[in-house]
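Presented sequentially are two complexes of chain A, the first with chain B as partner and the second with chain C.
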Partner chain A sequence: MAKWPWIFLSPFILSYLCFMLYPTVYSLFVSFTGWTAANILEKPYVGFKNYIRIFTADPLFWKAVGNTAKLMLMAMPLTIIAGLLMAVLMQNIRKGKQMIQTINFLPYVITPIAIGLLFAFMFDWNVGLVNTALVKIGLTDKNINWLGTPQHAPTVVALMIVWKNFGYFMVLYMAGLSTIPSDLYEAAKVDGANAAQSFFKITLPMLRPITVFVVINGVIGGLQLFDEAQQVFMGAGSNAVGGPMRSCLTVIWYFYDTSFKNNSRYGYGAAIAFSLFIIIAAVSLINVRVLNRKEDRL
Partner chain B sequence: MKSRWRFLKYFIIVLVCAVSLFPLVSMVIMSTKTTEEIFTGLSFTPGTHFLDNIKTVLAPNFLVAYKNSLTVSICSSILSTLFSAMAGYALSVYQFKARNTVYNFVLLTMMVPSSIAMIGYMNEMRILGLTKSLVPLILTWLASGFGVFWMCQYITGSMPREIIESARIDGSNEMNTFFRIVLPCVKPALGTQILMIFLWSWNSYLMPLVLINRASNYTIPLYIQTLGNEYVNDYAARMTGLLLSIFPLLLAFMLGSKTFIRGLTAGAVKG
Partner chain C sequence: MKAIKKILSFVLCLSLCLSMLTVAGAEGGKKKVVLWTWASGQFDAVQKGYFATHPDADWEFEEVIIDADDYLTKLQQGYASGGDMPDLLMGEIGWRASSFALGIWDNLEAEPYNFDRSTVLDYVPSVTSDAEGHVVGIENSQNPAFMAYKRDLAREYLGTDDPKELEAMFQTYDDYLTVGAQVYEKSNGTVTLFPGLGDVMTMMWMQRRDQCNMNADGDIEVSGKVKPILEYLQKARDAHIAGNLTIWSTQWYANYGQQNNILFPSASWSVTFQIEPNDPEGCAAGNWGGFSPAGGGYGWGGTCYGIYKNSEVKDEAWDFIKWCLLSVEGAQYMKGASFFTTLKEAYDDPAYTEGTRESFGDQQIYHFMMEDIASEIPSATISIYDSLVVDSMNMITEMMTADESLSADAAYDYFMEDLQMKVPDVTVK
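Coming up: the complex of A and B.
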């Protein structure tokens, strides 16, 4: 009898060991070397040199982290407001709820790189729909170079993040709203609270765990943003790493460029990946702390 | 006053839905026009060149990418779902010493970004001599922490223990019990996980970008990436290629949106 659970676990455990754990441990080993594609046979051990350089003397790594922070500050508030607003508005709708959910969830499942190419076309300098519309309305008299200038490029990437994610946030908030007991609202009404008061004093605090979850996951996803961002600039005909002046470089993009493009510096690239993991672990730890503190209070 | 609120409410909902759909609708409309027509400006009346555009795009390399993506996604989703169901069964039905350790280990694997394994994985696949095939794109999905967690939750929550017990008393061996009795009972969970892994592997871009270096092994995302170079001035063809690439996914999602949404939000909301 004792062997059965292990027989059932073995396909999962074996494939994890072979195709996740082993490559991870190997990457960790590589991150302590100066292995490059140019000198593929030698893996010179360099100790913590790669990590020391990343954390103290690599402006690009920190620029990538900063870019994520900037993109999140631009995209998150709008995504959260749009998702929450839609969830609240749809609370008492009977007909068509499923259809509205499906429509707004659609961007979340579409192949990200296709989203990049689509947005590249919409924000095209000369023929894009956005510029055509802006000129027609009269908001601007000459076409804006959305994807070619470091001032505007992050806006486009942030808009992609908003467009892709708000439907997902909406569904999460809808699930959250359905767990709030209705007698809370009734009690508030009896006490003379108006709609705005019960929204800010009951709905928002009750949805806090979801907001924390989407922010933390947004940051983790933002650090790993690559597909859409790379493609929106490639679709606009630019091969610049990280967009114009690297204004949209993310950590994963930097990892990809270092490890597989720019001289294939495997050692340094692996160290970037593990540094990213350290940052993600730190962010997750904050998440756990925040959620635990809330439970203490309850 | 009340009806004005109602109007505003529906107005916002319709507006937001329009924003969600706009890029997709414009893509569909552009794929029915010639490039010259696209450049003449905004118009939402469909053109008549859809079939011509499809003919341009349906080149052999597109069909190969389609076939490759299907192969990878079908194999990955079925194998990983089977492995996850087995592991989830082990963790929810058996009492054994290391159970909690294994369960926590599964939760831990869900937090690890796949990028930290990537360089080692590439090297491993090179040594195994698999880089000229699609196999590396499948192997990477086999161990799904999400899947094990998902199956374990589902089996614990909805599989009556008495059924398993009575099968044992009737002399059914463990393998038989799992395949004949448990799997049919957890069909909805299997379906959700198959869809999830299918979606993720179909959309996956970085892994194939790193591992695949010959055009005959391109998957759909890699094919989309070449659209820009292939049809430099033919925007209509680009949009048509894009449309055909994401169409199966769009269709699958529209048919099973409930299942998709449940899977993608699983674990996010606990109670």
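Coming up: the complex of A and C.
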């Protein structure tokens, strides 16, 4: 067997084995132990105890799953719609197109800490720009405590996710739009179709593969939501894990808190991580099945 | 072109070799005592003092900055992975029991340290001991906490800025309610006694620091202190005696320099970390004062220092700790940063507690903190559940601030439910 391909591949293979496969397998092993910081040198084997507790007797885990799903449902459709609309608008812009593209894409590359602080200041209860604007235009006569109540806090986090990601979705849709043959639009025009009809009958169906990709990736990213939510509350000075009444406690935040912050239960934390993996795999499978079935029908 | 390439290669190789030699040289140099700290520069003056008085000390001090929130995590990860660990350990009172439980702190009462617990103030060893009762840390300061106030606002709304008169005015917590409601009315809602409910909660919580969060059976037992605090917070909110600022938020810090509140529950370190940096004008005018709050002086915060059990520079690290935290000479250096030693001997000299600060005008603030307040501090307790309990308490306090309809009873139920969710295996009472 030729040795050179192996030699050239070895840096990647070794790195993958050391930094990806080994930590993953080790984490799986840890998830079957009762390893805690209080007894840091021992990893007692507990079998499926951690998993059984997560799925049957851990209300906080399910609260976190529910919060994550809620945030995702609030943010995902808006992000997709905003990204798609911006991409379509970009197609018709002649002047300053690149600048607008860059501006829209910038939030995606800004560090979550900066975004968290930015939103914390914007939505501050006392001196935030949003409240100042709302009071000035007369929509409310009293400042709204955006980040301090479980009713409003998820909205702010969802808005932050939309603002951060729609530029990325826009770029993906722009790539998709560039592959649609222009003669389809010309033919539709000849047949008397207006702009809205062209959009719904040609653009949207032709962008289905991009939408499938965006939805699946968006759901996976959404289920891993952590730093944006955490940073906005930290920026506001709140010490409470998960925001007001844990209303923005996501699964990863819960995992982080359980493993490394307040509880320091590594075994249980690893089990939470693998439980999330199971949930992501299941949701992705359902997504692919549903979206592919629809595609087959077309 | 070839010659240039050769020269360039040679220069690059040479620089690589030289840098490697430099690193090797550095490794072979002086011993290093490494401290992981979130309070960078805290030891700068003390360090200079130590090396000036110890010319034979042949080692270097190295600080690695770790955020206080991440400190325990880093210790756990470093120890579990066999990675780099500091020689000098720090333990904040909120989570130090969890840190002690790691078993990485050396017993300072054993060889080679032979620390004598009778040399420090009587209440200290209980909060610097591990579960086995061994002293593993040395407290860096007494952290007496009191009621700081703004003199100009006190004169305007309370009719006096004399600390004794103010102390007489606020004898009970109900007095805060009565006077606070009058201040709110008089100022048309622009001035409140306290910045936020978080300040009130923290003060009340710390005044109950002698009640451990964990009982003898290993259960969490907090209802006895949580319930009265929440009941008072409801009254405080309804009487408008506190603003809506979240404690430790950016605005909360900035608020020290504004004219919105009169009373600021403060610890000794609040003077140098909160009051003076955020209210330079007020401090220059000596606009601050302090009095003993209703319920008495209390201890707030606290950081102890200990030695990593596998450190290779234990003697050097201990010598440093001993000098700066357990010697009269070191105590003078620490005092400059408002850190008051727990060494009994230092208080034999009345001059140690003398002195004023510009921010507190002519009030004998050191004597007030170290003699008047420190003598009232109840003994403290620590448990591995402290950070979990405080996290729930913070969240409920923020909720009570945000939701004016949230009653103390409902808040208590939320608190118990929330805490129980975090530790389903432990009984929460």
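Definition applied: the second predicted complex is superposed on the first by the 284 of 298 C-alpha atoms of A that agree within 3 Å, B and C clash if a C-alpha of one lies under 4 Å from a C-alpha of the other, contacts with A are read in each partner's own complex, and residues count from 1 in each chain.
Here is the rule we use: a residue touches a chain if its C-beta (ideal position, glycine included) is under 8 Å from a C-beta of that chain, and two chains touch if they have at least 3 such contacts.
Being a predicted model, the structure only gives us computed values, none of them experimental.
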item: Partner chain in contact with A:G148 - chain B first, chain C second, else both or neither; value: second
item: Touched partner set for A:S182, first chain B, second chain C, both or neither; value: neither
item: More chain A residues in contact [chain B versus chain C]; value: B
item: Which superposed partner A:A38 touches (first chain B, second chain C, both, neither); value: second
item: Partner chain(s) touched by A:V241 [first = chain B, second = chain C, both, neither]; value: second
item: Chain B versus chain C as contact partner of A:N194, first or second or both or neither; value: neither
item: Partner chain in contact with A:K261 - chain B first, chain C second, else both or neither; value: second
item: Contacts of A:R53 with chain B and chain C, given as first, second, both or neither; value: second
item: Chain B versus chain C as contact partner of A:W125, first or second or both or neither; value: second
item: Chain A residues contacted in one complex by chain B, in the other by chain C; value: 127, 237, 260, 266
item: Chain A-facing residues of chain B, complex; value: 9, 12-13, 16-17, 19-21, 23-24, 26-27, 30, 38-39, 41-42, 82-84, 86-87, 89-91, 94, 96, 99, 102, 109, 111-121, 123-124, 139-140, 142-143, 148, 174, 178, 199, 202-203, 205-206, 209-210, 220-221, 224-225, 227-228, 235, 238-239, 242, 245-246, 249-250, 253-254, 257-258, 260-261, 264-265, 268-269, 271
item: For the chain C and chain A complex, residues of the former touching the latter; value: 69, 72-73, 76-77, 79-80, 98, 101-103, 244-252, 384, 387-388, 391, 394-395, 398-399, 401-403, 414, 418, 421-424
item: Residue ranges of chain A touching chain B (in the complex, touch as defined); value: 2, 4-9, 11-13, 15-16, 18-20, 22-30, 82, 85-86, 89-90, 93, 98, 100-115, 117-119, 121-122, 127, 129, 132-133, 136, 163, 167-168, 171-172, 175-176, 179, 210, 213, 217, 220, 224, 226-227, 231, 234-235, 237, 252, 255-256, 259-260, 266, 269-270, 273-274, 276-277, 280-281, 284
item: Partner chain C, residues of chain A touching it in the complex; value: 37-38, 40-41, 53, 57-60, 63, 124-127, 145, 148-149, 236-242, 244-246, 260-264, 266
